[in-house]
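When the chains are written out, they are named A, B, C and D in that same order, and each has its own residue count from 1.
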Amino acid sequence: MPIPTPLTGVVPPVCTPLTPDREVDVPSLIRLVDHLVDGGVDGLFVLGSSSEAAFLTDAQRRLVVETVVAHVAGRLPVLAGVIDMTTPRVLDHVAYVTAAGADAIVATAPFYARTHPAEIARHFRLVAARSSVPVFAYDIPVSVHTKLDPELVLSLAAEGVLSGLKDSSGDLAAFRAVVTGARAQPDIAGFTTLTGSELVVDSALALGADGAVPGLANVDPHGYVRLDRLCRGGDWERARAEQERLCGLFGMVGVGDPARMGGGSSALGAFKAALHLRGVIACPATAEPQVPLSEAEVERVGKYLAGAGLL
Amino acid sequence: MPIPTPLTGVVPPVCTPLTPDREVDVPSLIRLVDHLVDGGVDGLFVLGSSSEAAFLTDAQRRLVVETVVAHVAGRLPVLAGVIDMTTPRVLDHVAYVTAAGADAIVATAPFYARTHPAEIARHFRLVAARSSVPVFAYDIPVSVHTKLDPELVLSLAAEGVLSGLKDSSGDLAAFRAVVTGARAQPDIAGFTTLTGSELVVDSALALGADGAVPGLANVDPHGYVRLDRLCRGGDWERARAEQERLCGLFGMVGVGDPARMGGGSSALGAFKAALHLRGVIACPATAEPQVPLSEAEVERVGKYLAGAGLL
Amino acid sequence: MPIPTPLTGVVPPVCTPLTPDREVDVPSLIRLVDHLVDGGVDGLFVLGSSSEAAFLTDAQRRLVVETVVAHVAGRLPVLAGVIDMTTPRVLDHVAYVTAAGADAIVATAPFYARTHPAEIARHFRLVAARSSVPVFAYDIPVSVHTKLDPELVLSLAAEGVLSGLKDSSGDLAAFRAVVTGARAQPDIAGFTTLTGSELVVDSALALGADGAVPGLANVDPHGYVRLDRLCRGGDWERARAEQERLCGLFGMVGVGDPARMGGGSSALGAFKAALHLRGVIACPATAEPQVPLSEAEVERVGKYLAGAGLL
Amino acid sequence: MPIPTPLTGVVPPVCTPLTPDREVDVPSLIRLVDHLVDGGVDGLFVLGSSSEAAFLTDAQRRLVVETVVAHVAGRLPVLAGVIDMTTPRVLDHVAYVTAAGADAIVATAPFYARTHPAEIARHFRLVAARSSVPVFAYDIPVSVHTKLDPELVLSLAAEGVLSGLKDSSGDLAAFRAVVTGARAQPDIAGFTTLTGSELVVDSALALGADGAVPGLANVDPHGYVRLDRLCRGGDWERARAEQERLCGLFGMVGVGDPARMGGGSSALGAFKAALHLRGVIACPATAEPQVPLSEAEVERVGKYLAGAGLL
């Protein structure tokens, strides 16, 4: 399906359930998609950072996108990440995710290789030239170690290279520059602006963003959909209360002992533990080399769920 | 062939010649290997950062390692990079480079994903457990954004996980801690310490490193081999003079206009332009999205070569 | 005067007008204060980053705080920065700003010296123990290169060490954790949360912040006061329009040529040029070693003012 | 006394002994100077990072420089740090250290304030214009968060602005560019290049540096002087052995528990504990807000001393 222009609402970055031996757990993935669709979400983003795309082999990535696109069957737009270091490698991912039927692709700036604004622009232009579906830029400095400049994003939008932005930079002021800049340019009226900052979705929507890509929406899609609808309805007070409830729930990302694991292991481990505790996925395993949560840490995830009325 | 323990001398990170349409130029790659072997080098490192591994598709990487291993035919050890974000993806590279006959693999810490010392250790352990050949750690903070801790490297060496270190951190004091630490532990006597810092190879060898992996050795293998032999012979004065000559030649990496391209585009562009000017490779193209050098910039590369008596 | 608990509204970081030979221009400083008071602001913050505190000698800092406190004469609370590297040096600043009559002090984490959360806590405890007035923490990672942890801020608040936070981190999610955390702890009900992010003041107030410290309020105090009142009145639509107008005006910080000067020279130069063009201060000079704006760049500042109806 | 051009040999950054209530302990400072002079050092650097200059008030700094210059009485050149955020503040330090009789000053790039190469150049030019004694640049990115560009250093040397460089960047390749660049420019033949990297002093001297400023030389001046003389004599093998002994001794900087304190607290605490254990200073206190070493940690310092035959 052609994605809406702009795409609005809640577009969760779909977690990738794994079996105990770290293969993609297809039945669990399908149940997770159903859980999200039932939650009322407006699109799905597979193979993003919260999907552990960086930890999945190409074969696993392909299986994920094929599974989700086939199961969704056009009910919702499916965006697919094509996360890799540079253009030639990204284009390999573009080939199979578009063959699988993804409705849009989501690409970061080059990483590992040292880069430069001119090279970032060249990268997106080449990717767009070879993609049969719209290209979203994925701004995630914590992973790629450069920040996309708002003016570059807007100029690539005006060129027809970029159709949207998924902003996980945490820099709301820069994101606002894109949101208001896009609105001010009638020729890019359909440009989509999505925030990946799950703790300030209300703020992002209030300043004009089209939607959100919250990792935590895997755990509580209904909450984020409710938040989105309250914002759209201009009920900012109740929106804030819902957002604050979700901020509290988000505390689960800190359950992992920092002496024993990184923040990513803790956060993704918590999301998967929560999905497991809620009965959505069969196994909470995260991909290697992430460190698994201990039993006690999983118990604390359970308390967050209970506190939020999700268990 | 089993790699020497330790591997000593000059082990250039072999550039990957490309055709004008950015396919691997196999005849040029073979000529480049001959050029290096003729220069007297002690090993070859394919699919490293200077090889543009980050820019090569899996098919291209496979072609490179197969071509070089077949052509070298056991005359020299061939190390192969398996650069990717995390363990499962690295293991896919391990499979084909070892199938192709690489004598050792060279792996970085995880990147893109947030990481942690415990996860880095877990990563190397898993990679080693699945590799049929020795594993070298590749310390390159400029690309992976974490620094390998000397104590971690030494403890993984003592465990039998790591067989060597390729240090491109620029932190000579930390590298020295590994070099002297390894010498002090008789159980890891064969551990190999290679510096990737082409401007202080004499310093690294003087403090006990086993060898060097200088990108510039693509352009002037004879120079680095000469430098290595002078250091081994304890002729530090002439070694310093040779190193300084090479430092001067290295100035070519700065020919690219920083307003128009990044430092990587400039450096790799210069190495390839030099190889082209010297008649070793057919085309100086670098992989996308790197920005090509201008004609004037290539001319300046020629002047560096002429100044060093290489043209 | 005792500062309100919490302090709410607009608290501009007062620019420090200089003479052409870089001495504090006292008459201009007084005019600037009057301009801000006439604009309706709720407090003044002297000797902050926008005040060029890092560029002022101790004698100049003392003159600034004495001048402003004396001129304000209790009509508004005056907060004073005590920006220096470590505790002993900060305490020297505490002595003269409190002697001058500042109503609160604003201190950063230690910088230049390598630091640690335990040392940051120790620092604030020692500063508070020696200060006769309330202590606000100043979170400004771009300058001090560490981020204050929300939990540390809240725990120091609960201890009675910190009375407020001025957040210039740009990390709205972390700021929200302090804002909602403070509201949830009845024992720190009077804790003040101020945002220094002038481009998302509406967002910060919407999520519960007490006020803002916008550098741009030097240029347009009326605008920020209007924005604050609209937010307090719950008129979010008009608030957003006002904020967007101010975001447009803020574009002036980019007038300086990045090939010739840093972002700080450009931004502070623009604010002072604007104040000069508006007739508030006698000379737009910034402190050394900042690079002055060119005439053409100052003209562009004028266009921003004209565009915002301020000229 | 006019400092030699170049200044060569060992120039320790003199620790600042403190009393238990954190005042400068003048008798201990004099004993420490005697200890260093007896050790055969070639100059003294007061008010550097290892001197805790960042933690000393202006009055304390003045007392330090006056005490040391008076006590040394021209027997050795005394360099004085003028560490502060920007030009005007640095100039205040220049005034009193030159009044006290310092033979040269050592200044960093601006910090806290965002900066730019053009502003760094302007800063050094202004400082030199106002200093009656030679100016050394202090390259210490870990503290000031920018790296001095070798070409900028050389061009400021050619202008007559800079008389030397103290390099604590850890980037030996960049330092080498200055060392060889200075040698290649006859007009700056007297330019002094000093390394602050105490673990690779042999490497730095081997590539042509004039001398070293090793913090650890407070603890073992004889060792560093011996190392320097061995290097000058071309006895690289014994030099390496001496350097490795000093690297082992340097391990003391890691005694502090990283869960409880930062690396700076640990390192400076260890140096002072060692000086106290060796009977040179009366009290091992470090300045606030550094965390003191525990008794057990001090014991470990003692073991390092004993292992090196210094107790």
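A few comments on the model shown:
Rule of thumb we're sticking to: contacts are C-beta pairs under 8 Å (C-beta built on N, C-alpha and C of every residue); 3 or more make two chains touch, one makes a residue touch a chain.
Keep in mind that what you see is a predicted model, and the values were worked out from it rather than measured.
Centroid analysis (C-alpha atoms only) places A farthest from chain D. By residue number, the contact pairs of A-B overlap by more than half with those of exactly one pair in B-D, A-C or C-D, and this pair is C-D. Distance between chain A and chain D, defined via averaged C-alpha coordinates, is recorded as 49 Å.
One simple way to say how far apart two chains are is to compare their mean CA positions; for chain B and chain D this gives 35 Å. Among the residues of chain B, none is found touching two or more other chains. Arrangement of the chains shown, judged by which pairs touch: one closed cycle in which each chain has exactly two touching partners.
Pairs of chains that satisfy the touch definition comprise A-B, A-C, B-D, C-D. In the complex of the two chains, the chain D residues touching chain B come out as 170-173, 176-177, 180, 197, 199-200, 202-203, 206-208, 234, 236, 240, 243-244, 247.
Interface residues of chain D, counted against chain C in their complex, comprise 22, 49, 54-58, 60, 83, 85-89, 91-92, 110-116, 118-120, 122-123, 126, 142-145, 260-265, 287-291.
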